[in-house]
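These are the structures, in structure tokens.
What follows is chain A paired twice: with chain B in the first complex and chain C in the second.
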Partner chain A sequence: MSKTFTLDGKPIPFEDGQTIMQAATAAGVYIPHLCHHPEFTPHGSCKLCNVNVNGRNCSACTFPATEGQDVLSETTEINQDRQKITQMLFVEGNHFCPSCEKSGNCQLQGVAYHLNMLDNHFPHFYAERKMDASHPDVMIDHNRCIFCTLCVRASQQADSKDVFAISGRGINKHLIVNSESGQLKDSDIDAGDRAAHICPTGAILIKRTGYTVPIGQRIYDHKQIDQVSLETEHESHG
Partner chain B sequence: MANKIRVATTSLAGCFGCHMSFLDIDERMLQLAEAVEFDRSPITDIEHCTNCDIGLIEGGVCNSENVHVLREFRKNCKTLVAVGACAINGGLPAMRNFIPLEECLTEAYLDGIGVENPQIPSDPELPLLLDKVRPIHEIVKIDYFLPGCPPSADVFWKFLTDLLEGREPSLPYELVHYD
Partner chain C sequence: MESFIQNLVETHSRRPTRLLAILRAVQARYFHIPNQAIRLLSKELNIPTTRIIGVIEFYSFLHLTPRGRYDILISDSITDHMLGKHNLMDYLSNKLSVSPGSVREDGLVSLDNTSCTGMCDQGPAGLINGHAITRLDRPRIDAIAQLIDEQMAVEDWPKEFFEVGDNIYQSDLLLSSRLTAGQGLQSTFARGLKETLSEIDHSGLRGRGGAGFKTAMKWRFCAEESEQERYVVCNADEGEPGTFKDRVLLNSYADQVFEGMTICAALIGAKQGFLYLRGEYLHLYHKLENVLEQRRQSGLLGNNILGKDMNFDIEICLGAGAYICGEESALIESLEGKCGIPRNRPPYPVSQGYLNKPTVVNNVETFVATANIALHGGAWFAAKGTEKSQGTKILSISGDCLRPGIYEYPFGVTIRQILADCGAHDVLGVQIGGPSGTFISNQELDRILGFEDLATGGSFIVFNSTRNILDIVRNFTDFFAHESCGFCTPCRVGTSLLKKQLDKIVDGHGSAGDVVALEELTRLVKNHSHCGLGQTAANPIIHTLERYPDLYQSQLKKISYEPGFDLNASLETARRMANRNDAGAHLAQVEE
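Up next is the complex of A and B:
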């Protein structure tokens, strides 16, 4: 008989070495996340997958599942924390959805919709962030970067390159490009790279593809992110 | 009818798109008019708020007049609602926040292509621009938020009928959009 822990009172089977996130996803239970992707080493930085394990708050994407754990995820308090975290992500960057070509396909937006986030609550930073449109096929809009490091991990682990990194600390944290000029055009990035397609927001985009699917007919316009996430990420965990 | 709910609306740093979307409730406007009376609003041309139940604010705050109007609404409306992306996060007008105000004015009124008789408008009647466009919740307390650019007519309808029928307003998933 396989080992189990309980998630919101429901038994979840797991195998040794699995994280709470991996076991939950395999069992068809969604835990909100942004920096987590089943194909890449967990990073545990966005804190959206925050769950309560035996009374302590932990990141489900990094915390190992163990026998008999009592895990809480869908509580009012935890979802309120998740909403506040999402609101902080919105005010820290410059997320103007109506002018963003990722709108409707954006996971940051999808999570916010899922959490029924109707406002940004906090004062806006309006931080000055740059764009890098130097590359013929790929562009970076730093206004929308949430420092999830998925592009960093995808470039290293899937593309066997090392195009991206996060530099600086706290409010000065920013995405940097591995090239002498610091520009994307002088880096090893290619439009076919996993790193060019992994961004959960509209920070890294493939040029000339933004409006192939019209606004209103996009992923999260009609489907909630929990359903999309379980459909697309389930196999990778399986 | 004496007991109608009084509603005021205004557009601050907005494009009136939210008001147009509100009018898209179409024939439901007749049903709404049975329960609601409009106070200050572009629909009525009434210049100042009196005591109102609901204030709908479109647009963010980009100049001194916006601040005064917003405070007048807060003072006179029991329930104040941020309507649309610009009221909620500054929206497209806030994209000027990354360019110093002087550069914006210079480009628009002095150096821009096709500008004739270049001069920066300085009539004392004109409200002064703020250095940054701000969402309205940074100025006054806001009770409800209706996201969207614009929020669809169904968002207005759902929100107002919830309030009129005494329910806590809530928007189902398909009515929540930021674009």
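Up next is the complex of A and C:
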């Protein structure tokens, strides 16, 4: 008999060492997430995947599954909180979806649709952020970075490079590039790198590939993020 | 610069874990960390430049652009404000012709605010080139301005500027202890290691840093790990505003602190210990190094301690201005030469701490208590206090009272008693345990100190009825927004949103729904943040909203909605560009 915990009343089997997120995904249950990606070390920073474990809030992407845990995820209250956390990410940066190339393929947007987010709720920060268009093939629009560190982890763990890092403290966090000038053009990045394609938002984009798929025919224009997520991430969780 | 960096890196045995100490040395010499130094360090330590830049931008005392040769930081603790910090800052800023947050054009002076420097009993306080300076007033500022004009080296300034008093007013078990170096350790070996751990267990001692985990249990967990390489860490980050008792323990009871650490090492089997000393306590560094050296000379540290088969030594690591490094896993990250970002748990430090090895982290006072329990036995300690909170607690008392300083009490003492002892009158409320703790009003003075009622890391700030509660809450809320490490969304964005929402209300721009919105935000930040910082950052608002709801409501405008954004003012640039100022070029904020 394999071990199980319950997720919203449903038994979920797991193996020792699995996180709640891994076990849930393997069992075909979606838990909203942004900084989590099955191929990279969990980070636990966006807090979108927060679930209630035996009465305490824990991040599903980092918290280990244990026998008999009582986990709540799809409650009205938790999803309302997730919506607010998503709204926090929207007001912190500058996200003008209609003019963004990623619109329709963006996970931040996809999660916002999924959580039925209809406005930004909080006051905007109007943070002054820059662009880095120095590289011939890859560009960064810092306005859309949500500090998920997926590019940092992908560069280290998939590309065996170290192109990105997050610097600064608190609300002054920002993405930095490992190069003499601090610009992308002088870094080791290559358009074929995993790090250049992993960004869940429109912060890292590949040049000259924009709008090849028209808006309205993109991933989250037709499917909910839970369905897409389970289809693409189920495999890698095994 | 090349040879300076190379020597520096050699002194630190080329270990990237020493990055913070290395960067502190570069900062002290060049008043910032020059680009060239970053490149050289990256090469010498074989770490990416981004990791070095990340660390520089994380810690308040490290800078990418030059600070003045005299870098002045003024403590922003609420107690400094109550002692007239605001006026003094203006005076200082005028006197030196430099505005807070900037560097004077000639590069000689820079001025800024800094979080509480742990001198609340002798403020207004600050730091000059990292050295603590106390009891600032106008005459002292005049003298400082002159010394700077004369470009006199800070080392040659009058000693009394840097005097830091202990101000001990009330002693109990620990502060009256006469334990001499080696006594606790001898008792430990004489009684037996297992037996000594039982004594600590029977003493009922719980951690004095705030969380109150049972000390004996923590040590036992660590000792039971299969990994043999283990570490002892003393948490002397003491960053909670209003706390300064660890400063006094390190100044006058350092032997007992190190004795406690060494006993812990004996019990858990550790060979290396660290004292993580907050950067603000730089003035204690050499004194503590000397105590360590004496202990080595006396055979209390090093190889074959007291002739036994035990090797252990202690290294002092200085922080660089980051409250979050008091959180134990962030502290460990910082010890490893990284940004102080709290780790995901589990695993806990007792199983995977420093370099992922089993590590005990305890507060300074906890180690002093264990040294004394090792000597006198568990019953001696447990005889004081209450059933749920054994022993005594050392408080740092500041704010509106006649005798701010250090007081030790058995747990169970009433707040009323403490206020009488320190000479507090006309009390409005007391902040217990610092901004992250509990605010109580003058209706609750019969509550008691203890884990069962008012738990505290030691901060005790008294406010009298002349104080404005909203000013206090604003100061605390700003503190958390400034100190959030920024790792998780609810704390990074949430603490700044709390600040914005509170400012909106206090500045009189709030309307009907704004207090409810503030409450909702406090709940989000508290429930979803990654670590204790975020989980307690909303406490000042939550506690005062509970006690003084009318105070918040009375700030609100009577209209149903008031935007946080001034529409008409933001059109100013457009008006200037269009060279217009007629009625049509102005917009009403809300329809009348």
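Keep this in mind: the second predicted complex is superposed on the first by the 238 of 238 C-alpha atoms of A that agree within 3 Å, B and C clash if a C-alpha of one lies under 4 Å from a C-alpha of the other, contacts with A are read in each partner's own complex, and residues count from 1 in each chain.
Here is the rule we use: a contact is a pair of C-beta atoms (placed from the backbone, for glycine too) under 8 Å apart; a residue touches a chain by one contact, two chains touch by 3 or more.
Here the structure is a predicted model, which means the values were calculated and not measured.
Overlap between chain B and chain C is detected when the two structures are superposed via chain A.
Comparing chain B with chain C, more residues of chain A are touched by C.
Of the two partner chains placed around the shared chain by superposition, chain B and chain C are both touched by A:Pro123.
Applying the stated contact rule after C-alpha superposition, one finds that A:Asp81 touches chain C and leaves chain B untouched. Once chain A of one complex is fitted onto chain A of the other, the partner contacts of A:Ser160 are absent, as it touches neither chain B nor chain C. In the superposed model, A:Thr62 lies in contact with chain C only, and not with chain B. Of the two partner chains placed around the shared chain by superposition, neither chain B nor chain C is touched by A:Thr212. Residue contacts after overlaying the shared chain place A:Glu92 against chain C, while chain B stays out of touching range. Once both structures are placed on chain A, chain A residues 91, 123 are touched by chain B and, in the other complex, by chain C. Taken in their complex, chain B has these residues touching chain A: 82, 85, 88-92, 94-95, 97-98, 132, 134-135, 137-138, 142, 144-147, 149, 171, 173-174, 176-179.
Across the complex, chain A meets chain B through its residues 90-91, 94-100, 103-104, 109, 112-113, 116, 118-121, 123-124, 126, 128, 215, 221-222, 224. Chain A makes touch with chain C in their complex at residues 42, 44-48, 50, 57, 59, 62, 64, 81, 84-85, 88-89, 91-92, 122-123, 125, 146-147, 162, 164-173, 176-178, 180.
Of all residues in chain C, only 39, 48-51, 53-54, 57-59, 322, 339, 344, 346, 481-490, 492-497, 500, 520, 524, 527-530, 564-565 touch chain A in the complex they form.
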